[in-house]
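Have a look at the structure below before the remarks.
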Amino acid sequence: MILTESDLQAIWLTVRLATVVTVILLLVGTPVAWWLARSRSRLKGMIGAVVALPLVLPPSVLGFYLLLAMGPNGPVGHLTRALGLGNLPFTFWGLALASVFYSLPFMVQPLQNVFESIGDRPLEVAATLGASRLDAFFSVVLPLSRRGFMTASILTFAHTVGEFGVVLMIGGNIPGVTRVASVQIYDHVEALEYASAHRMAAIMLLFSFLTLLALYAWRADNGKRS
Amino acid sequence: MILTESDLQAIWLTVRLATVVTVILLLVGTPVAWWLARSRSRLKGMIGAVVALPLVLPPSVLGFYLLLAMGPNGPVGHLTRALGLGNLPFTFWGLALASVFYSLPFMVQPLQNVFESIGDRPLEVAATLGASRLDAFFSVVLPLSRRGFMTASILTFAHTVGEFGVVLMIGGNIPGVTRVASVQIYDHVEALEYASAHRMAAIMLLFSFLTLLALYAWRADNGKRS
Amino acid sequence: MHLTLNVQKNFPGFHLAADVSLSGDRVGVFGPSGSGKSTLVGMLAGFLKPDAGEILLNGDTLFSTSRKINVRPDQRRIAMVFQQHSLFPHMNVRNNLLYGYRRCQVDQRSIHLDTLVAVLQLDDLLERDITTLSGGQQQRVSLGRAILANPRLLLMDEPLSALDDTLRFQIIPYLKSVSSEFGIPYLFISHSLVEMRLMTDTVLAFDKGAMVGQTTSEQLARDRMGSSQVGYINLLNLGRASDNGSLYAYPWGAARLLLSAASDRDHSMAELSSKDIILFKQHPEAISARNLLQCTVRSLFNTGRRIGVELDCAGNTLISEVVQDAVNELGIIPGSTVFAAVKASAFRILPG
Amino acid sequence: MHLTLNVQKNFPGFHLAADVSLSGDRVGVFGPSGSGKSTLVGMLAGFLKPDAGEILLNGDTLFSTSRKINVRPDQRRIAMVFQQHSLFPHMNVRNNLLYGYRRCQVDQRSIHLDTLVAVLQLDDLLERDITTLSGGQQQRVSLGRAILANPRLLLMDEPLSALDDTLRFQIIPYLKSVSSEFGIPYLFISHSLVEMRLMTDTVLAFDKGAMVGQTTSEQLARDRMGSSQVGYINLLNLGRASDNGSLYAYPWGAARLLLSAASDRDHSMAELSSKDIILFKQHPEAISARNLLQCTVRSLFNTGRRIGVELDCAGNTLISEVVQDAVNELGIIPGSTVFAAVKASAFRILPG
Amino acid sequence: EKITVAAAADLKFAMDEIVTGFNKNHSDVVVEVIYGSSGKFFTQIQQGAPFDLYFSADIAYPRALAKKGLAASDVTPYAVGRIVLWSNSMDTTHMTLASLADPRITKIAIANPKHAPYGKRAEEALRAGKMWDTVQSKLVFGENIAHTAQFVQTGNAQIGIIALSLVLNPELSKKGGYYLIPDTLHLPLEQAYIITKHGADKLLAKQFAQYMTSKETRRIMTRYGFVLPGEK
C-alpha cells in the first residue's frame, strides 16, 4: 500500500465530512435558494448578499472568527453548551458546521439560478392540476433542476474536500477526528515530505477525477432528455 | 483614518486582482462553459472533470504545486521565460494566473448550467434569421444568460477576494505587489493584532456586502423582465 | 355550474372588466386576438390576481377583494389547458397525462386513461418524451392531462387550434360527453365560431378587454351570421338512418331528410349552414338539391347585409340566410310559405 | 423558387420520406397532426439533419449526403415562423421584429417595419415585453419577424392558427402580396383546407410521414371536396362592382354576379364554396338565390360520396358538388345544360 | 534603497523594533519585513522569491539552503527560542508539566510537531517529562505557534505550550503568568539567518545583518523572550 494508515484515515474522514456537509447543505440550501428565487420581499437582496459573504473572508480568518464564536466564551459556544452539545471546536461536527457555513454560497447560488430559470408556468400548471406547493416542488421543480443540483453538489462537495483554512483553524488537526486529507497533505508539504505529499495529492486528484467523470457522464446522459 | 496605509494598499490590490481575474475568467471561462454545454464530444466529461479539479486540492497545496510549476525549473516557468515574461511567482501576474486557475470552476460551472438551460430553440431561431453563431451568441445567448453570468462573476470575484492559500504561496506576501487583503488580515491575526484584524475584516465585509447588495438589487430588477 | 364573476384587471394600456353571473356547463369565451380571453381564465384558475372584484364558483368564493379571499390555485380544482401547452418536459406522455389524475382522490377518478388516450389518438405516444411530440400531439396531451385531473371546472384556452379538422371533429363530441357524462363543466376559449356553436351553450363575448355581452351560442351564431364565413349553423336532431338508394334517409321530426353520409347511431346530430338553404316561393323542378321542404316563415332578423329567415319546417326550426332583394322578390314575410332546398351533401353528421 | 428535395428522416416509430421537385412560389404542406410537416420544414431550415438525401434550392445545394454538404442554417437565408412561436424573451416586440432585418444587407431590406406593423396590427405593442403578449399577438410578431428578415424562402408552420377569422383573412392577402411583390417564395404549413386554397398554388400532402403526393391546391381542393366541411372553394376573379339596389353587381367574365358585399377595388377575388351552388335542370321561379347562371357541364368527378360537377358558365369555370341521385335525376352529363343558383350572400370578397 | 527581509512569525514584535532602530542610522533606506512560516519561506526562496535576508525559526532551513548554494552568507544563529506553559483561564505560574495530567484539563494545544519547530520542542519536553503518553489524547495541534496561542487564548484549549516570545507580547501578557519549561527537557530551538543569493550584492543586506549583532538589537531580543546565542 502506498498510503499510510493515517493517510487513509484522513481520506476516509474527508469523504465523510464532505458527504455530511453536502447533505446538510442540500437540506438547508435548497429552501434558502428557493426563497431567494421566488420571494419578492425586500429582504431578498440582503439575504442573498449575506449568503454570499462567507466567500470574501479568507478561510483562515473566517476560521479564527468561528473559533471565537464557537469557543466557550462565544455565542455559538454558549448555545451549543446550553443545548448539551458541548464545545464544537476540535470535533467532527464543529468542522461540519463551519464547512456548512463556509460552503453555503456554493450550494445556494447555483440552485437559486436554476430555480429562477424555471419560471412560473410549470408551477402554475402543477397548481391547476391540484399539486400543492410542496408537491409541485418535489414533482416539478426538483426534477427540472437536476443540473443545478448536480452543479451545486459538486461545487460544495469538492470545495469541502479542498477546504482547509477553516478546518485547520478550528479542527486542531486531531487524527481520525478532524485531520482531513487536505490538512494531511498540507502537513506533508510543510514537513518537506514531498514524496508523501505528491502521492496523496495524486491519489486525491485521481479519486476526485474519477468521481467527477462519473457524475459528468451521468449528467450528460440525463441532459439528453431535456 | 482607521485603516493603515498598508491596509488600504492591500485592499486596492485585492480589488485589482479580483477584477483582473474575473475579467480573464469571463473571457476564458465563457468559451469553455459554452463548449461543455453544447458539445457532444466524448471528451466533454473529461474536460468537465478537469475544470472542477482545482477545487479538491487544498489551496496552499495547490499553491505549492503552482509554485513548482511556475518556478524557474517548472514547465510553466520555462515557458514564461521563453516568452520573455520572466518568472511569474511573486508577481501580480503570477498571482492572477494562479487565481484564474483556481477559480476556473466557479466561473465555468454556473455558466455551463445556464447555457444548457437555454436549449437549442433560441439558437435555431437566430440562425434562421441570419445570425451567425457568434452573432447569436452575443445577441441571444449572452442576454439570456445574464443571471448565470452574474452568479459566476460574483462567485469568482468573491472567491478571489477571499482566496488566500494559493496567494500566500505564489505571491510571497510582498506589499503592494502580492499582499492582498486576505493575506493582510491573516497577518494581523497571526501577529495577534486582533484589533487591526477585526477592523479590516469588518471593512471588507461591509464593502463586499454593499457591493453584493447592489448587484442583487440590479439582478432582481432585471429578473422582472424574464 | 354557477359562476359569478365581477373582476377588474389592468395592464399598461389594457383594461379588462367583466361582470357575469351565469349558470351552465358549457360556456364559451369568444373574442378577437388580444381581447382578454386568456387573462379572464387566468384569473379563474387563480394564477392571475384580479385588481379588484369577486369570483364565486357554485357558491364558493374563490376570490374576493372585499372579503380578502384568494383561494390558492391548487385548491380551486380548476384544471386548465394552456394556450401554449406547457407540458412537463421531464416526464413522458404517460406521466404528463397522469399528473393530475394521481393527485385526485381515488373515488373521484371518474375518467380513465385508456378511453381518453383512444379518443385523443395518443396510444402510440405514451412512452414518448414530450420534446419529440409534434405541435398537435402536444396539444392533445395537454388537453388529456387537464381532463384526467377530473376538475370541478375545466378551462380550455384554444385547445383545438393546432388540430386538423378530422381530429378536431372527433374530439369535440368527446369533450361534450366528458362534460355531460362526468359532470365536468367547462369554459372554452376559441376564436372559431363553429367551435363555439358546437361546444358551448352560453357565450361570453369579449372585445378589447370589455365583456361585450353574455349570450347563448345560438344567439351568437345568429348575430355573426352575416360576418362569418360559415353562416349560421343549424344543429339538427336526426333519428336513425335508413338506406335510400345511394343516400340515407333520416327522420327529422315529422319530416325526412336525405343525406349523403350516415352514422349507425339511433340519434344523430347534424350541422347545416344557413348558407346551404335556398328558398323558393314555388316548388322548383329538376333541382340538384335532394331535400325540398315546405316551411312556414316564422320570423326575420337582420345581421349586417343579410337577413336571417327563421323557418318552421314540419315543426322543426331552420334558419336560412338571404339578402334583402330576395326577401322582397319572394315576398318573404312571417307566415308566408316557402320551399327550402338543401343538398344532401350540405349536412355534416357530427360524430359522438 | 425551384426546390428539389429528396430526404429520409427516421425517428423511433416514425419514418419520413419525401421526394419532390417543384417550381412555385406559394407552396403548401398539408397533412394531419403528426404526419411530418414540421419535420420537413425543420430539415429545410437546416436545424434538423436528414438521415440521407439532398436538398437543393434554386440550384444551390443546401444539403447532400453524397457530396457531404450541409449549409449552416444561418447561411441558408431561410426564415421560419415556428409552430411554437419562440420569440426572444429578452427583447421587446420591436427588437424581435427587427432581429432578422438588422442582419440583412441594407440593399436587400425591401420590406419595412411600418407597413408590416400596420397589417399585423402590432402598432400599440412595439415597446411591449414579449411575455405580456397574448397568444395571437405572439404569433403575429413571430410572423412579422420572419418576413422582415427578407429571406430567400419563408417557412411558416401554422402561422395563423391562433388568430380569429377577421384577422386571419386580413393577413392572408398580405402574405400573398409579400410573396409576389417582394419575390419571397414561401412554404406554408396548415391543416386548414381554406388556408391551403387561399395561400398556395402547389401542395405537398403528407400522411404518416410519407409524402402522399405533390399536387396543386386546386386539385387538393377537388380531392378533399367530399370530406371537407367547406367543400371545394371556387376562386372567382371579379371586376369592379356597381350598385344594384341593396346588392352589388360584379362583372365576372361575360357574366354578371350579384353579391351582398362589395370592395372598392378594380379587381376583386371572391371565394364561393361548391356547396353553395345548387343546380337546376330548368330555370327555377321565385327563388331566394340572387344569381342564376346558365352553364354547360364540362366534366364530372368523384370524391367520396359526392360528385364534383365542373361547369362552364359564360366562359368561367365553376365547380359545384352534388350527390349521385341528383346527377341521375337531373341527367347531368358532360355537355348538358344546367342552371346554377347562387345566393348573393354565399360569396366572400377576399381583402387584398 | 530597499531590502526585503523574510522573518519567522515569532520575530514580529522584536523585528519591528529592530528595524525602527536600524532606520535611525539609515534614514533613507527601506527595510521591508515579511513575516510568515519559516517552512513556506524555505520553499519560496528555492523558487526564486525576492527575499534578501531570511530569518528562520529553525536553523535546519537556512542550513539546507546553504547546502543548495542559495545562501550568500554563513548560517548565523541569532537567537534561541524558549517554550512555556501558558493558559488563559488558569494560573500557570505554579504549574509544571506534571500538572497537565489534571483531568480538568481536556485540551492541550501545541504546535504541530511534524513541521513547526516549537511543536517539535514541545513534544520533546513532554516526552522527557514522561507526560507524552498521558496527555496525547488531549492534544490539539496548531498550524504554527501563533495559531496554537489562539487555541488557548479563545479558551478552546485550557492550556498550551507556546513560545516565550509570544507570552511577552502585550496582547497575551495581560492575561497572567506562565511556566517556563526548562530547556534541559528539549533540544535547543536554534534560530538562524542567512543573506540569500538574491541579497548577495546588496550592501544594505550586509549592513542589516551587521546590525543584528548590535547592543540595541540584543537588548530588544532579550526583552521579547529570546535567549541570545552563547548566553544563558
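Each chain gets a letter, A, B, C, D and E, in the order it is written, and its residues are counted from 1.
By our rule, contacts are C-beta pairs under 8 Å (C-beta built on N, C-alpha and C of every residue); 3 or more make two chains touch, one makes a residue touch a chain.
On a predicted model such as this, the values are computed, not experimentally measured, just so you know.
*Asks:* Write out the two chains that share the greatest number of C-beta pairs in contact.
*Replies:* C-D
*Asks:* Report back the single chain whose CA centre is most distant from the CA centre of chain B.
*Replies:* The chain farthest from chain B, judged by C-alpha centres, is C.
*Asks:* Determine, using the mean of C-alpha atoms as each chain's centre, which chain is farthest from chain A.
*Replies:* Ranked by distance of C-alpha centres from chain A, the top chain is D.
*Asks:* CA centre of chain B versus CA centre of chain D: separation in Å?
*Replies:* So the centre of chain B lies 56 Å away from the centre of chain D.
*Asks:* What's the distance between the Cα centroids of chain B and chain E, rounded to whole Å?
*Replies:* Taking the average C-alpha coordinate of chain B and of chain E, the gap between them is 35 Å.
*Asks:* Quick check: what residues of chain B touch more than one other chain, meaning two or more?
*Replies:* 64, 189
*Asks:* At which residue positions does chain E touch at least two other chains?
*Replies:* Those would be 40, 43, 147, 150.
*Asks:* What positions in chain D touch 2 or more of the other chains?
*Replies:* In chain D, no residue touches at least two other chains, as defined above.
*Asks:* State which pairs of chains touch, listing all of them.
*Replies:* Every pair of chains meeting the touch criterion: A-B, A-C, A-E, B-D, B-E, C-D.
*Asks:* Could you list, by residue number, the parts of chain C that touch chain D in their complex?
*Replies:* 11, 13, 31-34, 37-39, 83-85, 124, 132, 134-137, 140, 157-158, 161-167, 169, 191-194, 226-231, 245-247, 258, 260-261, 273, 275-276, 278-282, 284-290, 305-306, 320-326, 329-330, 332, 338, 341, 343-346, 348
*Asks:* Per the contact definition, I'd like the list of chain A residues that touch chain C in the complex.
*Replies:* These residues of chain A touch chain C: 120-122, 124-133, 135-136, 139-140, 143-144, 146, 225-226.
*Asks:* Using the touch rule from the top, collect the residues of chain D that touch chain B in their complex.
*Replies:* Touching chain B from chain D are residues 45-47, 72-74, 76-80, 82, 86, 88-91, 99-100, 103-104, 129, 131, 145-146, 149, 151, 155.
*Asks:* Which positions of chain E touch chain B when the two form their complex?
*Replies:* Within the complex, chain E contacts chain B at residues 4, 9, 12-13, 32, 34-36, 40, 43-44, 46-51, 144, 146-147, 149-150, 153, 166, 169, 171-172.
*Asks:* Along chain E, where are the residues that touch chain A in the complex?
*Replies:* 37, 39-40, 42-43, 107, 109, 112, 114-116, 139-143, 147, 150-151, 154-157
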